Amino acid sequence: MSASAQIVVKDVSHDYRPPVGRVVRALEDVSLSIREREFIALLGPSGCGKSTLLYLIGGFLRIENGRICVDGRAVTAPGPDRGVVFQHFALFPWKTVKGNVLYGLERGKLPRAERETRAQAFIDLVGLTGFEDSYPSQLSGGMKQRTAIARTLAFDPQILLMDEPFGALDAQTRSLMQTELLDIWQKTRKTVIFVTHDVQEAVYLAERVAVMTARPGRIKTIVDTAFDKNDPQIYRARTFVDKVDEIWGLVREEAIKAQGTHAR
Amino acid sequence: MSASAQIVVKDVSHDYRPPVGRVVRALEDVSLSIREREFIALLGPSGCGKSTLLYLIGGFLRIENGRICVDGRAVTAPGPDRGVVFQHFALFPWKTVKGNVLYGLERGKLPRAERETRAQAFIDLVGLTGFEDSYPSQLSGGMKQRTAIARTLAFDPQILLMDEPFGALDAQTRSLMQTELLDIWQKTRKTVIFVTHDVQEAVYLAERVAVMTARPGRIKTIVDTAFDKNDPQIYRARTFVDKVDEIWGLVREEAIKAQGTHAR
Amino acid sequence: MAHVTGVRDRTSRGWRNAPASPFVARIGWGLARSASIVLLLAGWEILARSGTFTPFVLPALTSVLERILADAMSGDLFLGASATLYRALTGFLIAAVGGISLGMAMTRSIGIRWFFDPIISVGFPMPKIAFLPVVILWLGLYDVSKISMVAFEAIFPVVTATIVGIKGVDREIIWSARNMGASNRELLCQIMLPAAFPQIMTGLQVALPISLIVAIVTEMLMGGNGLGGGMMSASRFADSPGVFAGIVEIAAIGYCLIKGMSMLRRRMLLWHQEALEPSTV
Amino acid sequence: MRRTGLRYLPLLLLAIAWELLARLELISSSALPPLSHVVVAWVDLMRSGELVSNGYASIYRAMTGLGLSVLVGSLLGIFMAWWRPLNAFLSPLVEIFYPMPKSALIPVTVIWLGFGDGSKILLIFLGCMLPVTIGAFNGARSSEQALVWSARSMGASRLRMLWDVVLPSALPELLNGIRTALALSFILLVSSELIVARSGFGYLIGFLGADGAYEPMFAVVLTVAFLGFAADRAFQAFMNWMLRWRT
Amino acid sequence: NSAEPVKIRVGWVAPVTNWGTILLEKKDLARHLGKSYVLESMRFAGTPPMVTALANHELEIANLAYSTLAIAIKNAGMDDIRVIADEFRDGVPGWYSQEYMVLADGQIKKIEDLKGKVVATNAAGSAVDIASRAMLRKHGLIANRDYTLIEAPFPTMRAMLAEKKVDLIPAVLPFALNPDLRKIARTLFVQRDAIGVTDMIVWTARKPFIDKNRAAMVDFMEDTLRIVHWYLDPKNHDEVKVIAGRVVKQPPERFNWLFTKNDTFRDHDMRPDLDALQKNVDITHELGFVKSQLDVKQHADLSVLEDAIKRLK
């Protein structure tokens, strides 16, 4: 792919080796190039290795097979250039909503007052005003998820790795969040890798959609999906619906395979 | 409402009193009657109290205000007549997939061999064949959720309380699970309360959809949504789409309110 | 959103099942809490007065209390208690800081783990009292040696608890901090420490009474006033009320320390599951 | 083989340090004899069979006391965490007995149990209970609400739920508490036998020490430490196995 | 004779120097053992637990120092304690007397020099302690006013002195014979200088027990005396050393002094010196360790011992 790719995943395989039980191959020979400030969605059946791929790019898991480069440098460790919204939120239970959002900012160069303002702005953005002092255990599922989103957006990473970030949100909040995300993306020139199960969402948000195969995950196809994100009626457009159907079909194939291949 | 209602929620309010911080009123004067073997969906903006309502019916939280009866008896404690699929799965981390699914069966009267068969059947049903001996920490998000579903379905409760049970599943697996759930519902005459954020899913699965207001949650409206569940093309039917839009509108109103009222 | 503040309308409506007023409830629980102590003390007094035992074997509670009162008036109690407390708490602090640091270092660095892991396994169950002469020769007979003994004995539970706690930290939480640019040191202080804090606190809760015990035992063995020294000389002179006064004083002081510790725990772990009343569904 | 060797190299280093300390007279050899002399004394003790017979008596006491404390301590801790009245009634008692030097309780324990095995087992039991109870109590209180709910909704009775959910949730802290108790049992064993005994490791240490026979005395101390070490290693393996579900 | 032999438990603190530790090493001489009585010897870490054991009837024969004797009778209120035999005496002319030592080349030349210094003792109120207090008091020095008194175990005394942690140590057998100690230290005074002849340790039992089991006790004392005679017989000395060495896991040469003139005096028939004892007890009282005066004669019952001695004649 293009030499100007910002994230290059090359022939990456990953095996989980639990302390007891057998080795699980989660990814196999995954290759993927993502351009700077691209918005790419990752789709695939449950358990196909989407989160694993994100963890690898994030630098959390050791890359044992293959190579992942970000901005031309091999990934070896996590870094604040790549912000992650985790599937299970990974909030700090001993910090309040505000504390969680502030955490990412503390290492930045912002003066204290500005950090506060910024944290508050993102809490407001995700609609958690009034819950600044609540601990994660006192939040509903969707509120936790929104805290996680606010936390990652607040510290303004160059690359966003988002693992089903809107999964626990109601339709309206979700659509609102989508708009905000697109807005931020357009304004701040971020690169986004976005895992979702909602094909419509993927097609609407992303410029390209990568569909993964059943476990062990590979990249099955990459589909271009550049629609006009400012058209509120886009969901009803013929081309849009067809694209959704096409991708749905692709995922479906894999999901059915997954159902079948579990019993290996 | 009808005297033959199986679950009666009458004027229920609920306050959370965290060890520090202010009291949060999650529910206010919620009243709801659910007939035997009815499939009702619960919709509402994030943080409106859906999970709380489920917990109250489940008998987990103390009902301090109002009254909830199941089968004519006031709810005071959880019981195996009401099976719950929790939003965050609540799997036992020290048990394997199989161990988790077996757990609910252990108190039944089934002989051991039959329990094993039944557990395996439900593990197969949710597509986790081959992962019987994995611990929850070794599963992907969607796989955990499916384990939770299998666990609850396996012990065959009369009433199913499901909190966003398909939220972490890909579209295909989700649709498969929907079919299975409907199948089980139709065959075993269960009553189902189903929390979801997917309006389509709600309209498709449920006979009635209850829409809740923004926090503190109340029942805003109840909409009848009895469509033919065996028609695979129902998603495209005009009436269906209109119903979805109508309910979408209702939830949307509340979600917008929720966004606004956070800043009290 | 007036509804959110539910406290006001709660009283006006008089809910069923509503818990009794917090004030009454607190008094009730307070009484329940003292019941066992009262029973114990009453049992003691009755047993002692029944004549089954000579006053040497079991002096009456009242005579012991008289002794404590006398000690308190003369100021001996205060002097002894403060000497013991000083030794116990200083040793405990050293053990706490040292134990947590060592525990954290052991989970971070393979080299440190390699070095200390077997040493802890050997050192923990070692009857360290046998090394008392060595300690005396190196550190003298005064506070330094006693405090060292305390610290040395109390450090082990802290180290193992810290390790267990840190090992149990959810890996996604660590990842999430690393992702936001936390350095190794920040990770340790800002993430591992609070996340493992419940377990570490448990280790400290075990170490505190051990500190007190070791302080008293070393006072008994090496002299040097303090509650332990007092008890030892009382026991040498077959002064039973003195011995039992020591027991009661230690019990009271220990009780306060332990209570303080669990209050600290409650304050610091407000975010934790355990801050809630256990769900009794 | 090589790997175990490397793993326990620090102990070897420690042993060398000991030997040097004593040989270079950095510490008077009357307080700390060289390790090599201690080893020679150990061989003698072993040959005369005294170490074995006394060890048997000691281990019986330690294990009985420890076993009781694990049983009673974990039950107590878990029930105190989950049943408030019990907590209210018992916790003050438990709390005043925790910080007590167990040797100070001797006059009281003799009243009931005399100077035989009973009082030693009681002292070990009381001393070991502290970490077990605290571990069980704190561990039990940190069990997740949703898991409790989950078990209850699948028909587990309250008592059953304690066993099925609260106990496993408490396990990491409880096991660590037991590990501490295991180590303490060896220490307490020696100190209880030091006070009065006719047999046991503490008895040997006591009278050998009283006579200044430090070489055989340290041989006994090392034996205790070694047994403690072996027990601790075995227990850690057990602990890892029990907690294998944690990643 | 009743069918059940009487159980007699003998306590001891110091190995070898207390008869209790080595009686059972010569079982062959105990003719009545297992018939009219059975014997158990128990080690105690010090006298306090021994007094507790006596009070709880967990111990039949306690070997108490003169100071503890007074404490047990007066402070613990066990009025029925009887001195039944002797263990050893200090300061008998021609025999060893406990030494109190200072560094040979140190500043302490005479007792008065100890003002403001640190004096080691094994335990406040012990026989060793009382002698040193009494001696220093004779020279106008009061404990913890004019000098600091600290406690340390006997085996470490030499090192404590060598490392200048303390200025005066009591040197008891066998530590006093350590050549390393002799090299660096000199004797400032001996116990005889302080309080004269001292009946250091006596055997005691409680009167109801003696009265109830007189026959068995006489049998026991008879066996004991026979064993004691054997131990004190110089021609058995080499064998005695081996036994002692075996008991404490030391080379037999370490016990060359045992039961010789280098050792403290042991009465052949275990008869206590009640006059000396009375004086010792009085000093204990004077130093404030016991509440009231004690008449030793009233608390001695040597009839069992005398009967046993008669039998052996």
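We just call them A, B, C, D and E in the order they show up, numbering each chain from 1.
Please note the rule applied: a residue touches a chain if its C-beta (ideal position, glycine included) is under 8 Å from a C-beta of that chain, and two chains touch if they have at least 3 such contacts.
This one's a predicted model, so the numbers in the text were calculated from it and none came from an experiment.
Undergrad: From the centre of chain A, which chain's CA centre is farthest?
TA: E
Undergrad: Look at the interfaces A-C and D-E and say which one is made up of more C-beta pairs in contact.
TA: Taking the two pairs in turn, the one with more contacts turns out to be D-E.
Undergrad: Can you work out the whole-Å distance between the CA centroids of chain D and chain E?
TA: So the centroids are 36 Å from each other.
Undergrad: Report the inter-centroid distance (CA atoms only) between chain B and chain D in whole Å.
TA: That pair's centroid distance is 48 Å.
Undergrad: Counting in whole Å, what is the centre-to-centre distance of chain C and chain D, each centre being its mean C-alpha position?
TA: The answer is 18 Å.
Undergrad: Which whole number of Å gives the spacing of the CA centres of chain B and chain E?
TA: Those two chain centres are 83 Å apart.
Undergrad: At which residue positions does chain E touch at least two other chains?
TA: 52, 56, 153, 155-156, 159, 163
Undergrad: Where in chain B do residues touch two or more of the other chains?
TA: Residues 24, 59-60, 77-78, 88, 135, 138, 264.
Undergrad: Two-or-more-chain contact residues of chain D, please, as numbers and ranges.
TA: Answer for chain D, listing residues that touch two or more other chains: 28, 31, 107, 111, 144-145, 149, 152, 194, 209, 244, 246-247.
Undergrad: Touching chain A in the complex: which residues of chain B?
TA: Counting only chain B, the residues touching chain A are 16, 18, 21, 24, 43-47, 51, 87-88, 127-131, 133-135, 138-143, 146, 164, 167-174, 176, 197-199, 248, 251-252, 254-256, 258-259, 262-264.
Undergrad: Taking the complex as given, what residues does chain D use to touch chain C?
TA: Those in contact with chain C are residues 7-11, 14, 27-28, 31-32, 81-82, 84-85, 88-93, 95-105, 107-108, 111, 130-131, 134-135, 138-145, 148-149, 152, 158, 172-173, 175-177, 179-180, 182-187, 190-191, 194, 202, 205, 209, 217-218, 221, 224-229, 231-233, 236, 246-247.
Undergrad: Which stretch or stretches of chain D touch chain E in the complex?
TA: The touching residues are 28, 30-31, 41, 44-45, 48, 106-107, 110-111, 114-115, 194-198, 203, 206-216.
Undergrad: Which residues of chain C touch chain A in their complex?
TA: Of all residues in chain C, those touching chain A are 170, 172-173, 175-182, 186, 190-191, 194-195, 197, 270-273.
Undergrad: Help me check something: in the complex, which residues belonging to chain E touch chain C?
TA: Answer in residue numbers: 46-48, 51-52, 55-56, 71-72, 75-78, 123-125, 150-153, 155-156, 159-160, 163, 165, 289-290.
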